[in-house]
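Each remark here refers to the structure printed beneath this line.
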Amino acid sequence: MNTLPVGTIFALSLTAYSTGALASLATWRKPALCRYICCGSALAGAVLGGLAAVFGILQGTPVRWSVSSGIPLFAYSFDYDALAGFFNLTLAILAGAVSIYSFSYLKEFEGKRNIGFFGFLFHLLLLSLTIVFTTANVFLFLIGWEVMALVAYGLVTFYHEDRETRRAGLLYIVMAHIDAGCLLLGFALLMQVSGSAEFASFRTAAAQLSSGQQAVAFVLFFLGFGIKAGVIPFHIWLPAAHPVAPSNISALLSGIVLKAGIYGMVRIFLDGLGILPSWAGLLVLIVGVASAVLGVLYALMEHDLKRLLAYHSIENIGIILIGLGAALVFRVAGHPQLAAVALIAAMFHTLNHAIFKCLLFLGAGSVLHSTGTRNMEELGGLIRPMPVTAFCFLIGAVAISGLPPLNGFVSEWLTYQSLLAGFGATGGLTRILFPLAGSMLALTGALAAACFVKAFAITFLALPRGTEARHVHEAPRSMLVGMGWLTVTCLALGLGVTWFLPAFDALTEQLLGQRVGTNLISGHGLVLSAGMRHGGTVSTAVIGIGLVILLIPAVLLVSIGARRFARRRGPTWDCGLPGLSEENEYTATAFSKPLRMIFSVLYQPRREIQAVFDVSPYFPKAIRFESEIEPTFEKRLYVPLKDLLLWFSTRMRAIQAGSIHAYLAYIFVTLVLLLLFGVRP
Amino acid sequence: MTGLLAKAGLQLVLLLLVAPFLSGIIKTLKARLQTRRGPDVLQSYRDIFKLLRKGMVIPDTASWIFSTTPYIVFVIAILVGLMIPMTTTDAPLSLFGGVLAVVYLLALGRFFLALGGLDTGSSFGGLGSSREMTISAIAEPAMMLAIFTVALGANSTNLSEMAKVAVSQSWKFLAPSQMLAFAALFIVLIAETGRIPVDNPATHLELTMIHEAMILEYSGPYLALIEWGASIKQLVLMTLLVNTFFPFGLSSDWTARGLGLGLIFYLTKMLLLAFLIVLVETTNAKLRLFRVPELLMVSFILGALALISTFLF
Amino acid sequence: MILLWLLIVPLAASPLAFFLRRRPVMEVVNLAAFAVLLCLAAALGIQVLRSGPVSLWDGFFYADALSALVILLTAFVALVCSIYAVGYFRHEERNGVFQENEAVGGGNAVPKLREYYALTPLFVFSMILVALANNLGILWVAIEGTTLASVFLVMFYGRETSLEAAWKYAIIGGVGLSMALFGTILTYYSAHQVLATNTLAGLNWSVLVGNAAQFDKPTMRLAFILILLGYGTKAGIAPMHTWKPDAYSEAPIPGAAMLAAAVLNCALYGLVRFYILSAKCLGPEFASHLLILFGLLSMGVAVPFILVQKSFRRMLAYSSIDHSGIMVLGLGFGGPLGILGMLLHMTFHSITKPLLFFCAGNVQQHVKTDLFREAKGGLIHSMPLSGAAFLMVTLAVTGAPPFSLFLSEFTILRAGFRGGYLVLAILFIIFLVAIFSGFLIHIANLVLGPDPGLPPAEICRWKNSSVVGLALVIIVMGFWIPAPLFRLIQGAAGIVMNGR
Amino acid sequence: MTFLQDPEFGDRIITLMAALVLVLQIAAVGQRWLVSSIRIFAVQSFLLATIAGIIAYFNHAGHIYIVALLTLILKAGLLPWLLERLVNRIEIRREIEPLINAPLSILIAGCLTLVGYVVAESFYHPEETSVRAALGHNTLAVAIALFLIGFFTVLNRRKALSQVLGLLSLENGLFLAAISLTYGMPLIVELGIFFDVLVAVMVLGILVFRIREAFDSMDVSKLRKLRE
């Protein structure tokens, strides 16, 4: 068992990615060929990476290897442990789906765009992600990290003719560089203590960290990884950048690139900095709650389908952080078992969110692909022309709303359980935080459900609202296959959770020295229990089966009843007006109106209504309505900062005003000052 | 296994029968309090029976979502019903889904109901779905806080566990935390079951209706399923309330005697709760939609107080 | 012997180009000379690695690892610049740039080219001399020589603006260098009281470094201050940087590239030689504090001008101010890490900077302006290669991984931590991030965007080959450094650390 | 003629002449006519040459004679001649008002002299009583002062040519320092420096000429096209 060729297969997948990058760059003159090379090699790399991850997880014992480079401390060293395996597996699942999806998706690029360059960036993205998740060397990590950011920038600005796209891209890359700066400082601090650039050395050096150093390092890393993960208030780049990218890329960005931030937090907070004090964990928890609630609240106000999904990424990152924060608190409070459960909740939600968010973005992508618009107000009725896409999107929607029996529910359930346990596990007033966080999580879940009722219903149900949605066709087969694969994983992870959970044992053992997988499973392997003595129990499998079985009496009832009178189709009730048309339909804006009113404190909504009339205002011919909400963080935080900086810079330009006398004066004054004050010892 | 099935069957029958009866009772009591004759207790049965035998009209704009929704709603209501202890402490399926599962399953039902409402394309449906999702969303945190308070006492989210603990320590319901939690949950119950002052099940005026607007396009057997499901849901929530806070007479086993006793206790408790609801309905006017959040905020505060008082007292 | 050849080759190339007044010949001479020079430099490097410092004429010329490194970089920059220059000047000639400013003494093509091809070797010669001269006086003379040679490069186009730039360059440079001379004299004075010789050796660095410990301390302090200001002026350290934007934006691209990538090294080389002396005499703290002060000041000064900038030529100048600041900061942080970082940075910077100038040159020749506003963006459509390279090198020069400047900057950062300058290190990072943002925003808006409808740029073999070649070198350097080169850098670091 | 052997005497003479040079420098600050400031520079250079000669004489240092001679020819002869020719060719004789008016400038020059002394006194080593060190050690102050004042002239003057003059007088300060402190740098270095100064003046001369052509003025404060 312990002679699985993990390293070899992993290396093979790396080569697949890198050769794919070069090959697609080389063949950019032949779009069709290039397309096949691009997607094929990506798929191959994904499959190999997945194999390596599965083997690595089965094997349990970490695999290490290292290749030296010319530069001191900078070695190409990899450490394939459970954590790396987990994230690589997630990456592989997504990469596979996306590369299948892209077979047809990229077809529209042919002749219009440079597929070769796209493929190059696409492969580099996958490659850098793999490296980030696997490397054990700070330099290599930072290189992978920044390459990831730069490549993502290239992909976000792929449609760079559009001004909004360019702005979004720049916002993204600037934020990314800020987080890279924070990480640079953090790692420099750790390397200063440990004297080595290997992650393993931090583990041992953590003991020598003074509490001050530890706090500084924690803050730096939380900033760095938090910006990358898009937590509130560092999220502003996310809803700008993710929607404008090509949809298959948006899927990867939201699905896995954000998770790089989570990966970093888990790797450093649980492994690199020693036992963090509980305030750190609580900070993570609180930030998580804020991100979750605010993220979903902002999502509700969107009617750009992809922006809506982007905001939901913020929400889900928040949920993940809640679990992570709980784990940190439990660890320092001396409840490693609970910590393990909380960590599993966080990690499982990471996996789930990766999958259903990728699925949803791909679905949005095929909607965009066939209708050409992201604006939900112009969509509608797509369930008839594109049934498969609709079904996949629906599954994704149910899953992301955390509704049983799908995977989203399981991870949220585990989060609830750990929060519930947190009340007993901690003392003082902090214990209230846990149930409060729980209730906020409930709010988040319900709002998410509302939001996805809106997203799905407005996009796919009832009548088309705009001309774009009228004459559309189902997405090509390969795109459907890509989505279908993710749909199946969603269902499998939901219903068969009890078979997958023990795989986390290696992870929790590596990070916390606990194996709780077995405690989590009971009732003939059907039931998921919270691992505590009492705790709670749930079984998505039974719920699923129950729903199916109980369907029988219901169907019988109806079929018996409807035997005599036929069911017939008729027009919808339209208050006697002639014929229901799309004007009568509810819009996305109208749907979210009540919440906009209720949370107006946050939104500061602004609306203006203009009635066009010729005789009297009481008989308007047309009414123009527009409303917008205030982007609080941009307006209150970032824009003022930017303005201040630019103002200062413009002022500074006066010192370079072209007068040679002034220039000489600078030197002269410096000289005299130094002569007077510099010379004396 | 067979035992499980038997219990499940028994409770299933109980659910299907008691639910319409309860809503009938509520209607009658309400009418009496308003000094009307009103429908008799069995009216709800007749309605369902009638609807089941009628034909139905399906809007031509609607898709398969519209027609699957009633089944989902009905089935979920039953499934949830099997998870909660009614007459005995151990519910048939309690092992497979605790209180969290109950809440989220109901949310799933609501999810599809809202989709069904929007699927017809009429603005009534949209209006209903929008309001329903909004109100349930802001009801959620209060509900979860109250539930947590109870669950913390029982140290479990498993309903049978909670019931057992409650039974073991009687008079616990006098603890302020329990009382506050009960108050919070009662408000949530009213919101969730769509009763005055939050919603008016008897109206069809588009300014006021919420639940009714969603299901406006349903007819015949589908409507029957939805109505029946709704009444079961109401029963479930009320049961949840009475049995977690006032667990008197919950038999700990499935013996005939225990069941009989438990049933009597159960029905009396339910009647009392129903009477309470009716009182509230008749003494209050329906709130404007945007006043509802304030009501639910009150319940949230109550929940928070309950939580704090758990380790103050 | 090899030292002599290093000097003779460029010295000979100059009159050759001057008298064989035919363009192809001049180009060939230039290319050949610098190719040979690069080989010689490499040979010197290997020899130094093999058998320690090389000296000639009882130590009048002296080459240790440090000098070898600087010579190698100078030769490299000279070669790539001369390759690029061929394409560049042919393009200028074709578009009649030289004719159009006839009136202000531009003259027609061949004499101007002659001026360039005769001056560049002299320019390079003096830079080589800087690195080879053991005698600090000669070092000064050579650096002054680079100024005088480059003034002509700055006024090359004979526009009014280029005269203005040249004047500012000449005057500020003159004043600065006289400070350096004063510093040199004082060093000699402080040494003089110990050595008490009037022979030439009295100013030989290799002699001074031996007994710098007994030098007169106050004199040495004053001397170092003057040297820092003097050679700092040449290196463009704030507040002596003011000539840079003008000179860089007026000189022809290859000349500007040499100013930015090679002369900078020479000036810093001079500074480093004196730093070693003062560190030996006064201990490192005195120098360190000054260097950190000026390094951070330079970086800070560069930030606002890069954030709000109208012309991409001037922007390059500010980037080079920023980089000299970084190097000085690295030297100031000191310790093995800081010095290693500084030398690594010097190396990578000299390799990266020319490409930046070349891309800027291609763009400028294509859109006929150096203002962002008039360039109107979307260049990727009309010039895919230069556009992509421009973006890439922008990332490279702002120290984004995987490009090599990141390694050196990270090393300097760690030196800061090692030295216990936590706050300064954070400031350092903030400046870096700000500069990255400003740079990238400007260049991205220049390169990306809708097609403004320019005609496609014509393919020039010389320009493209230099661009692509350099790009490859930069990318490779990010992942792997040739072992000999790294050993050379380490050797140089050792010299700065402990004099030998 | 014994006093000719007395280093004390030499010291006095040197100090006197150095002071004279300083006075001339300050006078040059207030000067308005280009030609006369050129002449002042010539006289300064002549004095420096004599200082060099005296030092050479008292230390029997052969190579300093050469330096003295060179200074005499180059700085006191050739350069002034060249500059005057330039002035005649570009027909601008009068200096326009400097940035800071004459009285204030002279005041500043005085302060700079003070700075020179303040800096220099931290170098005075009374314990070193050997005559060779004592000989002209206090000229360091003068040298620094000359340097600073020269610098000040460069940044005070508006005419390109007078900036060149400022640069040259600043160079003179250095020369004084070199001669009086260390009895001259090694000869070859001196030669190199002389050569550089010559070339520098050439280059600057050409520039001045071009600027005059391009802008038909020599007011460098008008050169303000290149700015942010």
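When the chains are written out, they are named A, B, C and D in that same order, and each has its own residue count from 1.
Note that in this section a residue touches a chain if its C-beta (ideal position, glycine included) is under 8 Å from a C-beta of that chain, and two chains touch if they have at least 3 such contacts.
Just so we're clear, the structure is a prediction, and the values are computed from it rather than from any experiment.
Asker: Which chain lies the greatest distance away from chain C when centres are computed from Cα atoms alone?
Answerer: B
Asker: When contacts are scored as defined above, which chain pair ends up with more C-beta pairs, A-C or A-D?
Answerer: A-C
Asker: Rounded to a whole Å, what is the gap between the Cα centroids of chain B and chain C?
Answerer: Distance between chain centres: 79 Å.
Asker: Which integer distance in Å separates the CA centroid of chain B from that of chain D?
Answerer: Centres of chain B and chain D (C-alpha means) sit 101 Å apart.
Asker: Centroid of chain A to centroid of chain C, CA atoms only: how many Å?
Answerer: 44
Asker: Please work out the Cα centroid separation of chain A and chain D, and write it as a whole number of Å.
Answerer: The mean C-alpha positions of chain A and chain D differ by 71 Å.
Asker: Pull out every residue in chain A that's touching 2 or more other chains.
Answerer: In chain A, residues 653, 656, 660, 664, 671, 675, 679 touch at least two other chains, as defined above.
Asker: What positions in chain C touch 2 or more of the other chains?
Answerer: Residues 167-168, 171, 175, 218, 222, 245, 305 of chain C each touch two or more of the other chains.
Asker: Applying that definition of touch, give me each pair of chains that meets it.
Answerer: A-B, A-C, A-D, C-D
Asker: Across the complex, what residues on chain A touch chain B?
Answerer: It is residues 381, 383-384, 394, 398, 401-404, 409, 413, 416-417, 420, 423-424, 431-432, 435-436, 438-443, 445-447, 449-450, 452-453, 456-458, 461-463, 523, 526-527, 530, 532-539, 542-543, 546-547, 550-551, 554-555, 557-558, 560-562, 564-574, 580, 582, 584-586, 590-595, 597-598 of chain A that touch chain B.
Asker: Taking the complex as given, what residues does chain C use to touch chain A?
Answerer: Where chain C meets chain A, its residues are 167-168, 171-172, 175-176, 179, 217-218, 221-222, 225, 229, 233, 239-240, 242-243, 245, 290, 301, 303-305, 307-308, 378, 380, 395, 400-402, 406-407, 410, 413-414, 416-418, 425-426, 429-430, 432-434, 436-437, 440-441, 444-445, 448-451, 478-483, 486.
Asker: Can you list the residues on chain D that touch chain C in the complex?
Answerer: 61, 63, 119, 122-123, 125, 128, 133, 147, 151, 154, 160, 163, 167, 170-171, 173-174, 177-178, 181-189, 192-193, 195-196, 199-200, 203-204, 207, 210-211, 213-215, 220, 223-226, 228
Asker: Which residues, counting only chain C, touch chain D once they are in their complex?
Answerer: Per the touch definition, chain C meets chain D at residues 104-105, 135, 137-138, 140-141, 144-145, 148, 151-152, 155, 158, 160-161, 163-168, 170-171, 174-175, 178, 181-182, 185-186, 188-189, 192-193, 198-200, 202-203, 216, 218-219, 222, 245-246, 249-250, 305, 309-310, 314.
Asker: Under the touch definition given earlier, write down the residues of chain B that touch chain A in their complex.
Answerer: Those residues of chain B that touch chain A are 51-65, 70-72, 74-76, 78-79, 82, 93, 95-101, 103-105, 107-108, 110-111, 114-115, 118-127, 129-131, 133-134, 136-145, 148-149, 151-152, 154-158, 161, 216-217, 220-222, 224-225, 289-290, 293, 300, 303-304, 307-308, 311.
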